[in-house]
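The data blocks that follow each hold one structure.
You will see two complexes here that share chain A, one where it goes with chain B and one where it goes with chain C.
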Partner chain A sequence: MEFQGESNIPAPCQEVWDALLDPEVLKECIDGCQEMTQVSEHQYLAKVRARIGPVRTTFSANIQMVDVVAPTSYTLEVSATGGAAGFGKGSASISLEDHGPETQMHYVVNGVVGGKLAQIGSRLIGGVIDKLTTHFFTKFVERWTLQT
Partner chain B sequence: MATETGIGASVRRTEDARFITGTGRYTDDINVPNQTYCVFVRSTHARATIKSIDTSGALSTPGVVAAFVGADLAKDEIGDLPCGWLVKSKDGSDMVAPPHPPIATERVNYVGEPYALVIGETVKAAKDGAEAIVAEFDMQNPVLDVASATQSEQIHESVPSNRSYDWELGDKAATDAAFENAAHVTSLDIVNNRLIPNAIEPRAALGSYDAASETYTLHTTSQNPHLERLVLAAFVNIAPEAKLHVISPDVGGGFGSKIFVYAEETAVIWASAKVGRPVKWTADRVESFLSDAHGRDHVTHAELALSEEGDFLGLRVKTTANMGAYLSTFASSVPTYLYGTLMAGQYKTPAIYVEVQAVFTNTAPVDAYRGAGRPEATYVVERLVETAARELNTDVADLRRRNFIRPEDFPYETPVALTYDTGNYAASLDKALDYADYAGFAARKAQSEAEGKKRGLGFSCYIEACGLAPSQVALSLGAGVGLFESAEVRVDVTGSVTVMTGAHSHGQGHETTFAQLVSDKLGIPFENVSVVHGDTRRSDYGLGTYGSRSIAVGGSAISTATDKIIAKATKIAAHMLETNEDKVSFDDGIFTIPDSNESLSFGEVAFSAYVPGNFPLDELEPGLSEKAFYDPANFTYPAGTHICEVEIDSETGTTSIVSFVAVDDFGNVINPMIVEGQVHGGLAQGIGQALLEHGIYDADGQLVSGSYMDYTMPRADDLPDFVVDTTSTPCTHNPLGVKGCGEAGAIGATAAVMNAITDALGIKELPMPATSETVWRAIQGG
Partner chain C sequence: MYSFRYHKAGSTQEAQELHASSGEATYLAGGMTLIPTLKQRLANVDDVIDLAGIESLKGVMTSGTSIKVGGMARHNEVAADSTIEALVYLASGIGDPQVRNRGTLGGSIANNDPAADYPAAVLGLNGTVHTSDRTIPADEFFTGLFETALNDGEVVTAVEFPMPSRAAYVKFPNPASRYAVVGVMVSETNGNVRVAVTGAETCVFRVTAMEDALSADFSSGSISGISIDSSNFNSDIHASAEYRAHLVGVMAQRAVSQIS
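And then the complex of A and B:
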C-alpha cells in the first residue's frame, strides 16, 4: 500500500531539514509515539502505540535513515514488532524543494504488516497508514503555520 | 421390528439435550488439579531461517513455569509428525515427505507454524511469557503460487522442485486415442479454492503424566483417538501404546480437521512429563485459522471427449494439488486415491487418465476436509459434463442419462480402479427433476428476466466412494493403517446393553443411531442401550470417524457383534428351555420354541447368563459380551442428484439460491432425521465453498482471511429451504445395506451451484467463491 502527498511549508529548506532529523520533532508528530531515541546519526528507536481495528499494541520500531542527501531528501526504513500482534515494515521517502522562504515537501509512504495484524486487520491497514501519514505531516507543517 | 425407536425411525438425538443446554463435556471443560496452561509462539513469517530464540524473558515473567523450543523436543528424541499414506510417483519412486518437527527447529515454513511454547500458571501468564520471547529470523521469499511452485525456490532441502509426487491413474494411451477420435472436446481450467474448516469447537489438548504408573493421559479433540495414540507411541516416541491413554470426549465438529495428529497435542503431552504437571492448551479462533489443516486448493485442466451422438469417450485430468508446507497425516491420499479414483462419476466413460502432482508452498498444511478429494473430483466431472451439454446444445439431464451406468451394469468396474456395487442413478435424477419442477424453469427464467434479473439452473450428479475401509485395498494403495472398525456389545446383568465403538462421534449422533440399531436387533427398549466411544481404554482399537464410515463400517461391526450376542443368548435360552438351540427362534426380544407356549424374554436370558446356576460349563460359558472387528469387501458408493436454481441481481451481482434439491441414494437408512441433518450441513458447506469461503494468503504469505471478518461462513440467510429426499439401492456387501451420508452434501452441492451461476450468466467459467463482486465483474465484462 502506497500513499503520497505534498505540503508547502513557510520556512527555508535547511530549517525544515533540521526539524526532520530532530527526534523530539519526530516524536511530537507521530501519533501514539511514546519514546523516540536517537542511537546513532541515522538510526532511531521508537515505541509507538497504535490501534489497528480490533488490535491494540505497542510497536517497538527500528528506524533507519538511508539515502540521505542533505538538505533535500532521505528515506526512513521502519521495521517494527508488535509482540503477539505481529510485525510491520515500511518506508517513507521525503524530498524537499528549496523555494527560498518556502519549502515544498513531497512524501511517499509504504507499509506492510504480518502476523495477527495481517490476519484480522489487513483490510484496515491502508486506512491506518493513511491516517498516521496525514497526522504526521499535518502536525509537522503546523510547527510553522500555527506560529504565523 | 418397526417401532418408534427402531431402524428407520426418526428418533430425536439423545445427545442433543446436553449439547443445547451447555452440559456437554468438551476437552476445554476438563480441568485437573495442578493444571498449567500452554501458549504456542507462532511464526509471523511465511518462510524464514531461525537465527536465534531467546526464552530468558519468558522464564523471568511472573507465573511462567517453563518455556521450550524445538531443540528441547529433539533432545528427548521426540519424532517428526508423519504422513501415514505412501503415494508413489509415475516412475515408481516414493513420494517425498520433508521432515516435520512438531516445533520448528531450524526454519519456519508458514505463518502460524509454532517455534516455541510457554507454560504458565494461567493462560495470561503464558501469553505474557510468549510476548517476552525474542526470536530473530532471516526472511526469504515465500513460495505461494500453486501452479508455479515446481519452478520456484526450493522450500525443503530434501524436496527438489517442491514436488512430493507426480502420480497417475488410468490408461494414458487409450485415453489419448479416445480424444483423437472425438467429435467434440470440452475443456475447462478449474481452480478449487482453499477452504478453512472452522469446527465450532477449536482444537484443544490436556496432557497429564502420572509418574507412579508411568502413564500419559491425553484428552484431545480427535476424530480418531486410537490413531492419535498409535502415532504418538510409534512415531513420536512419547510412550508405548499401553502407557498412553487417549480420551476424545464430546467434540464439537471436525469435518476432517481433527483426524490429524498435530504439533500442539504432541508438545502438550511431552511437556506434561517435562514439567511434572498437567498441561492444557485450547486454540483461540485465530490459531484455528492458522494451524488447522486447510482443505481443497487444486489447480486443474480437464477435458472430456464426446462422440457426435453425445457418448462420453474419454476424460483427461491434470491437477496440481497444494500440500501446504508439510505433508499432514493423510494429505497424500486426498488428491490421489480419494480423487482420481472418482473420475468416472456416474458414467460409463471408457477411458480415463488422471495426473496429479502434489507441491509444497509456504502455507498451512492441506489435508482432508469434508468429502476430501471427492468434492474436487465431482467438481471436475460435473462442471465438464454440464459445459459439454451446453456446448452441444443438448439437455443437461438427457446427456447425463445417456451416459449413466445402468442398474443392470452392476457390479461395474470403472477405468479408475473402483468397482461400484450397486446404484440407480436415473432414479435419483428423475426424482430430483420432479422436485425441481424442471419443466417450469423456462417460465421462471422469463419471469426473472422481466424483472431485470438473471436465473440459472445447475445439476450435479455426484458419486463418492466412502465407508472408508476396506483394509486390503487401502493397504495395497499405500495406507499405513488398516481401516476396519471394532465394536463390543456388552449385555448387562439386567438386560440393558453398553456398546463400545471404535467410531467417534463429533456431531454425527452415534449415541442415537447405534442405540437404535442395537435395540432394534435385540428387541429391547432404546433407552436401555448406551453407546461409549472416544476412549482408548474402553473400546478396542478402532479407526474413528471420517469418510462417512461410521454406519457402514462401525455400524456393521456393531451389527456383527450383536449377531454374536443373539447366537450366544440363543444357546443360553436353549439350555434354559431344555431343548436344542436350533429349535429356538428369536424375534422382537423373545426366545420361543415355535409351536409351543414356551418363551423367554431377552432380559431373562441375560440375567441367566450372569447367574449361571446350572450351566454345563464345558459347553456354555457364563456372561454375555461379544466383540467384532468388521472389515468390508469394498467401499460403499452413495450417489445422487443435486439441482440448484439461482437468481442473480444484475445490478449488484448478488446470487440468491432460490431452490436446492438433493436426492441421495444412501442405501438403507437407520435414522432419516439424522441423515437429513447431515445432508443439510454438507450442503451448507458445499454452497459455502461456491459462494463465500476462501482461504487467502497475500503476496508475503500472510493469511489475510484469518478471522470471521474476512473468511465468510455460510449463514442461515444464505441458504434456501432445502428439499432433501432419498432413493435406495442397498449396499450389497455390508450386513445393514447402508452406505453413509456424512459427506454427500459437501461433495455434490458445489458443482450444482456453479453450474447454476454460469448458466444464469451464460458464461463457461467463473472462479470460486462467486461473491457478489466476482459475479458483478463477470456481468460487466460481458
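And then the complex of A and C:
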C-alpha cells in the first residue's frame, strides 16, 4: 500500500529539515504518540496509542532514519509491535526542495501490517495508513501555516 | 481479553458520568464489533459501560411525518416496527439472526464501519442524530474511517428519519459476513433526492451527480451513464476499487427501478 503527496511549507529548507529531525516535532505530528525517546543519533523509540474504530491498543515502535542526506532527504523506517494485536512495518521517504523562503516537501509512504490486525482489518489498512499519513503531514505543515 | 471494569448504567446521565470519571472507557451497545475486538485483545480499556439497561434509548416510535429509532433499538426491532420499507429491508439484511438480535442502530453508526449498512440509511434518508448533548444532521455526522462527529463520552440517544415519499436500499453483500461490499440507499423526501453509498469508500458518501440526474428524471436510465470515480475506493480480496465503482452504478439503478 503506497501513498504519496506533497506540501508547500512557508519556511526555509534548513528550518524544515531541523524540524524533521526533532523528536519533539515527530511526537507532536504522529497521531496518538505518547512517548518519543532518542536512542542514538538517527534512532528513536516511540509509544503510540492507536485508536481506530473499536481497536485501541498501544504499539511500541522503533523508528530509524536511513539514507540521511542533509538537508534534503531521508527515509523513516518504522517497525511496530502491538502485542496480541500484531505488528506493522512501514517507511516514509521525505525529500525537500529548496525554494528560498519556501520549501516543497514530497513524501512517499509505504506500510504493511501483519498478525491479527491484518486478519481482521485487512480491508481497512489502506484507509488507516492514509489517515495516519494525512494526520502527520497536516500537523507538520500546520507548524508554520498556523503561526500568525 | 484484557481485564476491565464492567458497569451497567441506568440512565444516559449515569453512563456519561461513568465515562467522564474513567481513564479510558468505552460504551457497550450491542457489542457486535466491540466484544470480538476485546476478545481478540485488539482493544484494552479500563471501563466498559453497558447501555442495555437504559430504557429511554429503546424502541421505535412512529409519528405521521417521521420515525424515531432509539439508539439501543436492535436491528430486529427496526425490521419489525419500522414503517419505512427501505429501513425494514436494510435492518433485516444486516449480518445474521444473532447479530440482528443484539446489534443496535446507535452502536452501528457510532462505530461507523465503512461497510456497515446503517450509515447509508442515516445519510440516504437524511436522518437526524439525537445525542445526549445535541442533534446532528446526517450530513455532518459521518466524518471519516470509523470517525463521527460524536465527542468522547457522547451517547447516541436516537435517530429520527423523516418519512420519505419513496426509498429503496440495495446492497451487494459479502456472502460470508453480509457486510456491504457496496450498498446504495436512494430516497425522495419532499422532492429532495438522496443517493448514499456505503462499503465503497472509507466512509459513507452521497453521489450528487446521481441525485441531480434523478431530480430531473427519476428513472434508472437517467443514472445509467454516470461514471463513478474509483480513485479513493476500497480495494481488497473481495472486490477491486473498479469493481466497487461498477457496483455503485448497478446497485443504484436497481434501487431506483424498485421505486420508479
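Assume the second predicted complex is superposed on the first by the 144 of 148 C-alpha atoms of A that agree within 3 Å, B and C clash if a C-alpha of one lies under 4 Å from a C-alpha of the other, contacts with A are read in each partner's own complex, and residues count from 1 in each chain.
Everything that follows uses one rule, which is that a residue touches a chain if its C-beta (ideal position, glycine included) is under 8 Å from a C-beta of that chain, and two chains touch if they have at least 3 such contacts.
Bear in mind the structure is a predicted one, so any value in this text is a computation, not a measurement.
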Which superposed partner A:113 touches (first chain B, second chain C, both, neither): first
Partner chain in contact with A:45 - chain B first, chain C second, else both or neither: neither
Partner chain(s) touched by A:65 [first = chain B, second = chain C, both, neither]: neither
Chain B versus chain C as contact partner of A:56, first or second or both or neither: second
Contacts of A:127 with chain B and chain C, given as first, second, both or neither: second
More chain A residues in contact [chain B versus chain C]: C
Contacts of A:25 with chain B and chain C, given as first, second, both or neither: neither
A:87 touches, of chain B and chain C: first, second, both or neither? first
Overlapping contact positions on chain A, where the chain C interface meets the chain B interface: 53, 83-84, 116, 120, 122-123
Complex contact set, residues of chain B against chain A: 44-45, 111, 127, 130-131, 286, 289-290, 698, 700, 702-704, 706-707, 709-710
Chain A-touching residues of chain C, taken from the complex the two chains share: 24, 26, 33-34, 37, 40-45, 111-115, 144-146, 202, 234-238
Residues of chain A that touch chain C when the two form their complex: 52-58, 83-85, 116-117, 120, 122-124, 126-128, 130-131
Interface residues, chain A side, partner chain B - complex: 53, 83-84, 86-87, 112-116, 118-120, 122-123
